[in-house]
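When the chains are written out, they are named A, B, C and D in that same order, and each has its own residue count from 1.
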Amino acid sequence: MPSSETRQRIERRLDELQEHSAREEPGSVDRYYSSWRGYYPPEEAGSERDLFAICVATVDGQVFEAGDSTVGFPLHSLSKVFAYGLALADHGREGVLEHVGVEPSGDAFNSLRFDERNMRPFNPMVNAGALATTALVRGSDAEGQLARILATMRTCAGHDGLEADLATYEAEVAGADRNRGTAYLMRSLGMLHGDVEEILGLYLRQCSVSVTCRDLAVMAGTLAHGGVNPLTVRAALPRKHVRDVLSIMHTCGMYDYAGHWAFDIGLPAKSGVSGGIMMVIPGKMGVAVYSPGLDVYGNSVRGVQVCSEISDRLGLHIFASEDEDAILTPAEPVA
Amino acid sequence: MPSSETRQRIERRLDELQEHSAREEPGSVDRYYSSWRGYYPPEEAGSERDLFAICVATVDGQVFEAGDSTVGFPLHSLSKVFAYGLALADHGREGVLEHVGVEPSGDAFNSLRFDERNMRPFNPMVNAGALATTALVRGSDAEGQLARILATMRTCAGHDGLEADLATYEAEVAGADRNRGTAYLMRSLGMLHGDVEEILGLYLRQCSVSVTCRDLAVMAGTLAHGGVNPLTVRAALPRKHVRDVLSIMHTCGMYDYAGHWAFDIGLPAKSGVSGGIMMVIPGKMGVAVYSPGLDVYGNSVRGVQVCSEISDRLGLHIFASEDEDAILTPAEPVA
Amino acid sequence: MPSSETRQRIERRLDELQEHSAREEPGSVDRYYSSWRGYYPPEEAGSERDLFAICVATVDGQVFEAGDSTVGFPLHSLSKVFAYGLALADHGREGVLEHVGVEPSGDAFNSLRFDERNMRPFNPMVNAGALATTALVRGSDAEGQLARILATMRTCAGHDGLEADLATYEAEVAGADRNRGTAYLMRSLGMLHGDVEEILGLYLRQCSVSVTCRDLAVMAGTLAHGGVNPLTVRAALPRKHVRDVLSIMHTCGMYDYAGHWAFDIGLPAKSGVSGGIMMVIPGKMGVAVYSPGLDVYGNSVRGVQVCSEISDRLGLHIFASEDEDAILTPAEPVA
Amino acid sequence: MPSSETRQRIERRLDELQEHSAREEPGSVDRYYSSWRGYYPPEEAGSERDLFAICVATVDGQVFEAGDSTVGFPLHSLSKVFAYGLALADHGREGVLEHVGVEPSGDAFNSLRFDERNMRPFNPMVNAGALATTALVRGSDAEGQLARILATMRTCAGHDGLEADLATYEAEVAGADRNRGTAYLMRSLGMLHGDVEEILGLYLRQCSVSVTCRDLAVMAGTLAHGGVNPLTVRAALPRKHVRDVLSIMHTCGMYDYAGHWAFDIGLPAKSGVSGGIMMVIPGKMGVAVYSPGLDVYGNSVRGVQVCSEISDRLGLHIFASEDEDAILTPAEPVA
């Protein structure tokens, strides 16, 4: 359980972030996303561009909210994390590794480059890998698979309201040609098996699950808490596979900005092109930010800024030492 | 300072590893390396294939050695870590980021694929990025640059015996066409500036610096200790850039196996094609293994095995929780 | 009309080719194809490996046959030529160029690399380009499009017996994942429009049309005769688009061996992975060879050998001069 | 010898072309080239943008000139044709094919993609292939090789004035990093042997040879005349390798526009980024155009326009029939 001091730092910091971030323009937004308008350029931005929420859920069960924390948005790529955790629970590390790698590739999320040495997608966070992962989830049929994915998400979020949003799903289906093409290519290469349309439909429904920023923070908090929801104290994912999920989030979670994130912020995180980012501080808390202005990588501009500030101010980078600011004079090397 | 209990675990574990690993055949060796014979296939292996050392240097200044810990071998890619740290000390994060990215690419070490969005090598651990990094090291000329790189390495190792090995250097120069071609391409793309042959020569000399497994463990221990050599208590690299170095080692240190390593072993590490691997347990210790049988990625087969066992048995994966083995029953999802 | 001397040379040559080629083993066969067994390795070859036919149809309406000239086999990629001619007749050069390029790419037939400068497939002979071409054929629906493609093929062949073979079609559908994936990717990139499954089905039916070697020779003869069937004197394709078709066959007709063919044999040709090759000697004759042993590029091994001999012996290379063998002493350059 | 009618058509056509082309703005110029300023954008164009010449040399020894036919410019890539012919004369087809392919690749001239199946550059017209070709030219040393290349070029041009231009050479050397990088990579892959700097220097000197548009027309005329200079009646290249040279020009001569050229213009041609294009009408004449405004592919904008008009008006496309314009009604296919 975090100390009272930690809680106070979080509260103080969230208030500060709310105030100054909401006042300032986000940096270089490439495009916006809204679940009812899809993607649109900055110059066409309406009221949804001002949506902005920051939530924190600590492992001792406290939740802090700021801004539009109850507005719903689809999980999109954020869903890949939970499907991956469930596939690991179903098949174990080796079982999943046969079908999906764990190697960051520097490619965009929709890349068609595969790990040719092992004939599998590079990792479960690119779309190709996410399709293969979703196909691995056990279930008697797609409905059964979806039910299990939803059950995992709901346990992580701590309530049963999570549902796939039909309108989002239909919009996703209409724009699914690249994913569909990827899936058929994968099947032609022996990387995917079974009914492609069914796998694709399942994947798109998984992506369409609607959450609030508060939900997302609790889901991240569950990962921070070893797979046990800190509010309900129900286990959602096996602890050892939470380790795996965090490892993948750390190296592959932020699209082709993942390496920069690991370098700069240094915490496991995942973003979705709907504008949400969740970040996990293991053993401490989950953080979620929602702001639909995206950068060129597909990450929420404000989300990156807020997470960067949190990591920076609280010294949370996994390779930061407690006395990071202590000044040590390096040995004067020969000039 | 590690607890007495930790020290005892290390000693006990090293002894065990020595005994059983030396008895067993290494797994699937793709090729061997010796500094006097270069690379050769397993069927031509001579006495050097049996070279095997494991060393540990703790942050409180204790060194543990097992096996051939005093045999010298060239740093090769291991040198990239120290040049990168020095370049960061010289130019700061932003200054280095202008020229070298921090994104793992899933490519082999000699890849010609660049981060085209930012027109720079993907990261400092692929050869292209290492060339750009070395070029950034300050110095009045190549001799001055080399002197500063050597000084950093020597402070990390804690003694002044580290030198570039002339025979290794000459062998490297003879086989440097791909690196040379890469460097000229980079200059044609504006990613490298100045005298290519001088940069290449400097880089190859840096790669030719000879160390023992004990040296390497102390160098890793210096990184584990925030940049301060735990034996001499002299600072080799600024603490904040040790964070950067560890971040890069974590995502990019093990060639195109880096993601798998981060997933499975979960600690910052770097390997060289001479058969050495160094692994850093921040705040605790540095580990080095030397065994010249390499896998298809170019990593020491025994090195990977030993590091995996150490991480596994001691529960050192950065995303492992202390009570990893505690059995938690996940909520039963809908079948 | 070819001279009597030409006819005699053809007859004599065909006899010779029949005799010695049928005796000799074909060169390095990579795999065999039969319409009832699909692809199989050389060591599993049955009676169909001995199928071998050579046919010639001259522009004055004579047909010469040797070997198994009445055995049916599917057109496969040979069909691309006729669909391309029809698309050109329907939309003109510029109309087709908007959707399909004319650039050889050095890639295999199933490549996913596109002409990114113009956002279109490189040429109509790779599968991606063939899909785009087929989609361009006019018709009220897929049935209407197929009827028009069949009508063109039948006019070229000079009889109405040409039909899509249902068994071949069903086998093609079962193995169509790569083409299907390619088609969906193309639609996601704006390179293909409409109902992908319908376009794919149409394309696969076009590929399944069964011909004999004699048919193929007459079809090639029609192209040699400016688009007018030399037996029926009915026009199948506009003369100016026959030029276009021959241009594409010349640069792109033989998969990623096309450049070598243009260099060595120097005549427009097209092959199919069913073992057929057709070659056009403009203004003179069409040649067809059928032999189902394929090389690594997917071209009939015997087909390449026979066409090479015909071009060579008759001096048909488009850049050969009549007195090619005349010995001219080059000016002695400075040594 | 061309008929008197043909000569009159040429004269009349050249006059027309001169008049109307010089009046009109060239189409979309991407950049200009001058041997003293290098490349510069259209908005900085000075007097050299107006340079414009068209020359024709017939196989019976007549030369027609229009415009700035005596202005010198470097051969650049045009030189590749003559070095390739000489390498073929030195080693034969098979000897050269071992080192340089004949496959168009759809890539830009400076591509780093190689024919991996055969481990060689795709063709002799991309820079990688040109480097390998030049290295094949026999000679006791680079001077001897250059002397033989120059001798071939001089015999083709019909006078001994052709020389490498020192200023051009020095500018080329200064900007040769990509070629140098390519050459070292090739050597690392076993595609190039010997002293890379020497090969590169030889190649750049070959590229620096200065010609006039009249020279270039006679050189093209020599290729049209089976390798025998139509003015001096001296043989420059063996007839059978002129066939090879024309084959390669036909499929690979116009950079990544080569396929379009073969489709549209249908004659062997080669361009250089200095603004020259030579086109060969086998058995008839050579055509040269010089105009330094280049399109995105690196081809002279006016050069392409003029060659297209010549081919079109004179019906010279290799797959055009004499009565191309005869109207043939295609069989009415089923609607």
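One rule holds in what follows: a contact is a pair of C-beta atoms (placed from the backbone, for glycine too) under 8 Å apart; a residue touches a chain by one contact, two chains touch by 3 or more.
Predicted model only: the values in this text are computed from it and were never measured.
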{"item": "Repeat of the A-B interface, chosen from A-C, B-D or C-D (over half of contact pairs identical by residue number)", "value": "C-D"}
{"item": "Centre-of-Cα separation between chain D and chain C, whole angstrom", "value": "30"}
{"item": "Where chain A and chain C are represented by their mean Cα positions, the distance between them in whole Å", "value": "50"}
{"item": "Multi-partner residues of chain B (each touching 2 or more other chains)", "value": "none"}
{"item": "Contact graph of the chains (line, ring, star, complete, other)", "value": "ring"}
{"item": "Partner chain B, residues of chain D touching it in the complex", "value": "112, 177-178, 180-188, 196"}
{"item": "Chain B residues within the chain A interface of the complex", "value": "86, 89, 101-107, 113, 115, 117, 122-123, 139-140, 144, 147-148, 150-152, 155, 226-228, 234-240, 242-244, 246-248, 250-252, 256-260, 262-264, 266, 268, 282-283, 296, 317-321, 323-324, 326, 328-331, 333-335"}
